[in-house]
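By letter and in written order, the chains are A, B, C, D, E, F, G and H; residue numbering begins at 1 in each of them.
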Amino acid sequence: MDQKDIRKLLEQVKNGDISVDEAIEKLKISPFEDLGYAKVDHHRGLRQGTPEVIFGAGKTPGQILGIVNAMRGKGEKNILITRLAPEAAEEIARSIELSYDPVSRIGLVGRKSEITATGTIVVATGGTSDIPVAEEAAQVAEALGNRVERLYDVGVAGIHRLLSKLDVLMSARVVIAVAGMEGALASVMGGLVDCPVIAVPTSIGYGASFNGLAALLSMLNSCASGVSVVNIDNGFGAGYLASMINHIGGTI
Amino acid sequence: MDQKDIRKLLEQVKNGDISVDEAIEKLKISPFEDLGYAKVDHHRGLRQGTPEVIFGAGKTPGQILGIVNAMRGKGEKNILITRLAPEAAEEIARSIELSYDPVSRIGLVGRKSEITATGTIVVATGGTSDIPVAEEAAQVAEALGNRVERLYDVGVAGIHRLLSKLDVLMSARVVIAVAGMEGALASVMGGLVDCPVIAVPTSIGYGASFNGLAALLSMLNSCASGVSVVNIDNGFGAGYLASMINHIGGTI
Amino acid sequence: MDQKDIRKLLEQVKNGDISVDEAIEKLKISPFEDLGYAKVDHHRGLRQGTPEVIFGAGKTPGQILGIVNAMRGKGEKNILITRLAPEAAEEIARSIELSYDPVSRIGLVGRKSEITATGTIVVATGGTSDIPVAEEAAQVAEALGNRVERLYDVGVAGIHRLLSKLDVLMSARVVIAVAGMEGALASVMGGLVDCPVIAVPTSIGYGASFNGLAALLSMLNSCASGVSVVNIDNGFGAGYLASMINHIGGTI
Amino acid sequence: MDQKDIRKLLEQVKNGDISVDEAIEKLKISPFEDLGYAKVDHHRGLRQGTPEVIFGAGKTPGQILGIVNAMRGKGEKNILITRLAPEAAEEIARSIELSYDPVSRIGLVGRKSEITATGTIVVATGGTSDIPVAEEAAQVAEALGNRVERLYDVGVAGIHRLLSKLDVLMSARVVIAVAGMEGALASVMGGLVDCPVIAVPTSIGYGASFNGLAALLSMLNSCASGVSVVNIDNGFGAGYLASMINHIGGTI
Amino acid sequence: MDQKDIRKLLEQVKNGDISVDEAIEKLKISPFEDLGYAKVDHHRGLRQGTPEVIFGAGKTPGQILGIVNAMRGKGEKNILITRLAPEAAEEIARSIELSYDPVSRIGLVGRKSEITATGTIVVATGGTSDIPVAEEAAQVAEALGNRVERLYDVGVAGIHRLLSKLDVLMSARVVIAVAGMEGALASVMGGLVDCPVIAVPTSIGYGASFNGLAALLSMLNSCASGVSVVNIDNGFGAGYLASMINHIGGTI
Amino acid sequence: MDQKDIRKLLEQVKNGDISVDEAIEKLKISPFEDLGYAKVDHHRGLRQGTPEVIFGAGKTPGQILGIVNAMRGKGEKNILITRLAPEAAEEIARSIELSYDPVSRIGLVGRKSEITATGTIVVATGGTSDIPVAEEAAQVAEALGNRVERLYDVGVAGIHRLLSKLDVLMSARVVIAVAGMEGALASVMGGLVDCPVIAVPTSIGYGASFNGLAALLSMLNSCASGVSVVNIDNGFGAGYLASMINHIGGTI
Amino acid sequence: MDQKDIRKLLEQVKNGDISVDEAIEKLKISPFEDLGYAKVDHHRGLRQGTPEVIFGAGKTPGQILGIVNAMRGKGEKNILITRLAPEAAEEIARSIELSYDPVSRIGLVGRKSEITATGTIVVATGGTSDIPVAEEAAQVAEALGNRVERLYDVGVAGIHRLLSKLDVLMSARVVIAVAGMEGALASVMGGLVDCPVIAVPTSIGYGASFNGLAALLSMLNSCASGVSVVNIDNGFGAGYLASMINHIGGTI
Amino acid sequence: MDQKDIRKLLEQVKNGDISVDEAIEKLKISPFEDLGYAKVDHHRGLRQGTPEVIFGAGKTPGQILGIVNAMRGKGEKNILITRLAPEAAEEIARSIELSYDPVSRIGLVGRKSEITATGTIVVATGGTSDIPVAEEAAQVAEALGNRVERLYDVGVAGIHRLLSKLDVLMSARVVIAVAGMEGALASVMGGLVDCPVIAVPTSIGYGASFNGLAALLSMLNSCASGVSVVNIDNGFGAGYLASMINHIGGTI
């Protein structure tokens, strides 16, 4: 119920078209639909042409299919499914056309997005084991219309690997630093670039890594400015946020 | 040693003005100053007219004064000092002109910055006790050239307080959500806006808040997209990052 | 040994039907059955017509059947079994009539209870993954004679979903807020209603949710009044407590 | 703005006493007071004659005085201030009449409340050191119109102390169990009574009590039904919730 | 109410001296004093001639004096006060005769106990900083009638210090191993002796000792048989338990 | 090398049967067997007729068989194997005669021990799920020559169950309290008896029990005197220590 | 690009064989290979004749084979693969000659190294379950050219086992102490020897060992000088570091 | 009792100067003095000319003076006192000549040591706040006869600062990396050098640094080879260990 509706309602009251009691009842039932609507609108503006996203973890192939079909029923053409197990992907692919990447475990219904943001997002990892999380971030960002550069296996224990890619790094409008173990990559990158660095701790490691806790704490304590952190293994969150920031920088 | 210096050196080699051995020695000594220089340059571009920042915690008034004077010696006119204790501020103010805010514990040498970014940063807090951290974020952002709107004491236990300010919230290009205790503010705001939300857990609380751990974990687990987290009580980091993001959105 | 038994015993002593020594022996053997009786009596009053409850986790189908049969031997007609694995349910259903819900993993021997309390218990969840825990709470409450309203997937990241159901929420005499991840639902609901809110953290989440720890701490630190917390995933405990409170409000 | 106000407004619109635009403006300014109103109304019903509560921790005497005066300006006569340090109490008492209890650290402006609920709240502690937290709970409950019975120092290491007070315990409509160290009191009481038990872990203890963590975990894992937990040392929260539950049981 | 009282009551019932109703009333009021009495009796047997113990921490000098006087009023002659701060000791010593040891922070009212157990308790520490906790244990054990041998500063980093005292160690009926930092003393001693070892972790250490947590975990994981653990810094508990065990070995 | 061997060696030196150099060599090679011998001797005294113990966890059936055969080669007749998986037991039973209890997962080679200590060890559990750990303790104690009484499922949430067994409890010379979840059993028992209580936290529970951490902390913080704690699920350690203490009380 | 290459480049510039611009381009592309080269060179010096190491965990047999073949393509003859699962070893062994040790899970391509360091590394374990980690350390050290002595199962609960091997221990230039549970071995060894002790906590244990945390904290708090710690179960790291230190002591 | 004493004893036995029983008694009393002596000897060899070390924390000035005087009584000329508070230093300096450094809080009695090891130890810090811990390490290493190079404030957030000092870094035989906050310095240095890196986490930081825990975990998880870790703030331990390793590399 937006201002126009309220005005209309008040005028109906004024004109005696509806009773005061009826007006109260209408005001009581739906005051917060305004809120919802306002928000959805905003969303529309942002997402124009980019896919909807379904979090696949903990959902059965049947449930995912149901949501996909409902979305397509509303006219949504491109749908991204994250954390989709290979077996589930296989089962879904029997019903609808789905392109699936087993590394990032992302499934895509529809076509790849076109690039809508002018800047570049650099996604870097400390090691090769961090790549699945990084790919989740990278492919989500690509699906949301961003140009993505990958810098994998540039961990700080061999700093020259990272430094030899400085030109790529310096070209970024946003950096996503994905690392497990000691998670030092975020600080080093935060010190090298002048753009926002989104740090993604991963659960890669053993012993005192405590399933990503060490990397998480390390990243939260980064002595470099411009670094913020998302949840352990949250590639999606990083990719989504990076896209938000990159689109602030202007759309194509 | 920047490109020009290298070119000059190579030309000296070419012209026989210096020997190959001397050139090797020069290249060996300072190869990483290139790197530094590249970075500093970037900085200059970004910071034009904004102050340098000194982290005041754990430094004596004498040490701070020393750094301030060194900076001013290099021509820096506006200098921000964070985490500056009132007694230290008083002592420093005896030597140089300093405007000091006891709430944010920020001291400013020089003039306030002019606004250089087109967007607005909204800084919100869950409670009144979170205000010092929020003010650190807000004043850092202002000092870096941003327009800042404050929404204080809009914690989720009285959601109507937050909802009644939706217009302010919706106007933000970046939101900084500052909250202690259960830290739920970040999730609620992340659900309301479509811009990046920087979550700052505070150490406000008692018992099972474990000095901000509860808020920190809560914020890291936010189910809203677009939320990232900085260290507990790290108002400076949030303000700095918000400014970075806001300047991506265009400068004045 | 209840008051009547003691009275009878004392009268037997008085009448010389038994000796003082025999009486002492009887009092010595079972003094705490008095205590128990008082309690059991209370129970009777409360539970009239409601089922007994068996905690199924860690019990073999055979053990559960044994307990069920023992209870039925004592005249108990309605028996609820919580945390009952599907395979165990299947095996038990071969011996006795059992209605089983795979979502809440609750099995019911006998008939559904009639409603005995006048108020309504609202059970809400942050996401769809929290539903199994919520259903455990809801079905336990129903089995204990309560009217239950479900508000699922009203997490705070989309606050309008929750706000659009305010009428349901406001009708509650007790609210059960079930949420994993950041667990902010409890605080928001605690701020909206004026009745007791029982918060149930769930182990839904990943990374820094630490199997429900983040939600647990968040709920314990709720800044809203009227909120208390039970163990992670403890749907049964929440449903049982809600029923207790709801029956204080008068029985039908 | 409550229903009556809205009705009045609508009738003014109907009668042409105010214009539609003016009505919209009024609805726009305070739409969430509606929400609040629903809530506040409830409150009114509940609180009739009971004081407002100010959380005194982290507020200066001046700030507290300001809030008190603002409340009194709105006609509030009885105001409770929790976590009020003795020095702050002394300072406030110079300006307004304040009765202060140094044990619970509660200050009261105005008169003691009359009892409005029919049931009794039993507040029990494991040891004598837990009494300040218990008194906060007890006095808050009394201020909100409840009859309170105290059972102090009935810790489980001397279970006979608790058992000798069974009659008091059995008379409760709600029990508040306050204990530090191993926090076993909550489980034992939960096993003895058939009413809700609100467990309050305290920070009393040393070494592996980890400032109340041991008691908190113990209480969350209670094997007794009907037990829920609030934050460490949160006497206020327990007293407030207990009052809510007790008033469900009927008001005088 | 002990067996004699019950017998007397039953005989009064038998003789018609009191009515059945009166008897029920009396049984109802104090059934658990039986329990208490049984326990107290046991205590008497054990403690004959040994002092009562007051936990002094968190009690004002006035409160301690009150308890002491109450105990003396009941005929108790020897009273031990643990965790007594020097200032409190001084204040108490103004009112009653008190011998105070500032190392163990134990105050004694009355005379030292005579030795009542035949065995010897060895109290050992890893370092000199652990001595205050060890002395609490040792002096409590002495006050309860035990012969105590001290082996201080025999930490495992200089294992020869411990091994050179094997004769003392081998003479023990119970060993109390007091150590902070890595707490390895308990395991080494557990491997050397064949009697019970009570391990007391202390909060001595810094950094990753986490106030005694490292020593606590180390001791709980002891690979030696016969080792059990009490709370961090709980010298009293160790001394009390050692005395219990030592008295099993026969009294003088 | 035991005292007899040293004496023999010295006499050989005295008689000139071996040279001083040869004697030094022999003393040098095995000086610590003296130490061992002292200990082993003690052991012999204690264990006369009781079995050796093998920790079965993490050993293959083949390795266990090897150790058993080596022990039997040295004349050991009774051997206890703890933490023996059913499949391993089955495999071992093909080679040698083995009686195996699947609940405690203890295997016994040889005959049951005769009772050698005069006292009784009471083993109690909070719930039925704690029984496997309790049986490990009980059967180890029995194998070491102790009379054991079992009090299972007497958890504090139904305190009357425990109180109704006070006579059994009071007869104990040592009590082993086995409990998971909130672990309150140890404190309650510690308050009821005057003998040592060995507390065994178990990993039974879910959510905030954190695999036994809640019970462990609870037991370490017990407010009852005479309680000490062993590792989570360490039934063997409790049984072994209880036997040690019980044998101090005199052997048969 | 090493010094020789730079020299060559500069001489080409000097001689006019390439232009200054071309030289700048070449310096720009690979400035950090200089850095790398310096490092690699160092490596060469150290590793002469010793194998390269591949961390096998989390890599497929195919990936490992790929890396091995790439290394062999560069002339590397001896390659060590750590954390290699038996199935992966089997699969790899089908393609290339591989010697595999299932205990340490190390695979070796090529020949065993010759000893290049003069000192001896002693690798000790607390128990037999720690041997796999110890063997990883020992075999890595051997592969890097070190003489290794093994002292297994010399845990501190039977200190005589360790002491009887003092001669072996005293001969060490570096000691690796591998232990789980309470991890006390590191402190005891640190007290016995005067050479560096590298402590390796293992995840062996249960309950409050928290997967090696207890041993880790214990070792970090060692009261012996000369002890440092690597990650839980990090046998490779310990062996590598020990080899580094041992080679400082002179090469053969 | 060393070999000579044993030989003498055996000869006395041989000659009949003492009886076999007397010899047994003597062997029994002091077998472990051999051990101690052997160890001390080793020490002497190592320490020739270097000072003894006293851990000053937790000791009164009087206690420290007492130990110093005792050491000097035994001929020790150079004594180092670590963790010495300024006030204590002042008080000690009144009695004996003491040079004191308030940054490292190290006091030195006697003269500075001469350099005895051929290699160089590099001590680096992430920030300026880590310098006190670094100075403790550096000055301990110097006092033990090592050449030390300091690289302060070379944290990874400005990696060029570290890289510009590569020549110093590459000259090290041992590196001590001192860092708080995210502790990434250790990994970066471990990747740059080929010598042992001793990582010292510091308690510098706030919020989620948890007093050095973040840096500690980060360092334990270092992905660089050759890194080991000591306790938080343990500068002494790092300096001592570095000296041990450096002396392996040859003495002057």
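The rule we apply is simple: a contact is a pair of C-beta atoms (placed from the backbone, for glycine too) under 8 Å apart; a residue touches a chain by one contact, two chains touch by 3 or more.
Keep in mind it's a predicted model, so treat the numbers as computed, not measured.
Undergrad: Using the touch definition from the top, list the chains contacting both chain A and chain F.
TA: C, D, G, H
Undergrad: So which one's got more C-beta contacts, B-D or B-C?
TA: B-C
Undergrad: Quick check: how many Å separate the C-alpha centres of chain B and chain G?
TA: 42
Undergrad: Let me have the rounded angstrom distance from the C-alpha centre of chain A over to the C-alpha centre of chain B, please.
TA: Chain centres of chain A and chain B, defined by C-alpha means, are spaced 24 Å apart.
Undergrad: Chain B to chain F: how many Å between their CA centres?
TA: Here chain B and chain F have centroids separated by 60 Å.
Undergrad: Multi-chain contacts in chain H: which residues touch at least two other chains?
TA: 28, 31, 35, 39, 158-159, 163, 166, 192, 207-209, 213, 216, 220-221, 225, 231-232
Undergrad: Name the touching chain pairs, please: which are they?
TA: Touching chain pairs, listed by label, come out as A-B, A-C, A-D, A-G, A-H, B-C, B-D, B-G, B-H, C-D, C-E, C-F, D-E, D-F, E-F, E-G, E-H, F-G, F-H, G-H.
Undergrad: What residues on chain B touch chain C, complex-wise?
TA: My answer: residues 126-127, 155-159, 163, 181-184, 186-188, 190-192, 205, 207-210, 213-215, 217-225.
Undergrad: If we count contacts the way the header does, which residues on chain G are in touch with chain H in the complex?
TA: Per the stated touch rule, the residues are 35, 38-39, 42-43, 46, 119, 163, 166, 170, 173, 192, 194-196, 198, 216, 220-221, 225-232, 236-238, 240-241, 244-246, 248-250.
Undergrad: Write out the stretch or stretches of chain H touching chain B in their complex.
TA: 129, 158-161, 163-164, 166-167, 204, 206-209
Undergrad: Which residues of chain E touch chain D once you look at their complex with the stated criterion?
TA: 28-33, 35-36, 39, 57-58, 201, 203, 211-213, 216, 231-234
Undergrad: Name, in rising order, each residue of chain E that touches chain C in their complex.
TA: Touch list, chain E to chain C: 3, 6-7, 10-11, 13-14, 16, 20, 23-24, 27, 31, 34.
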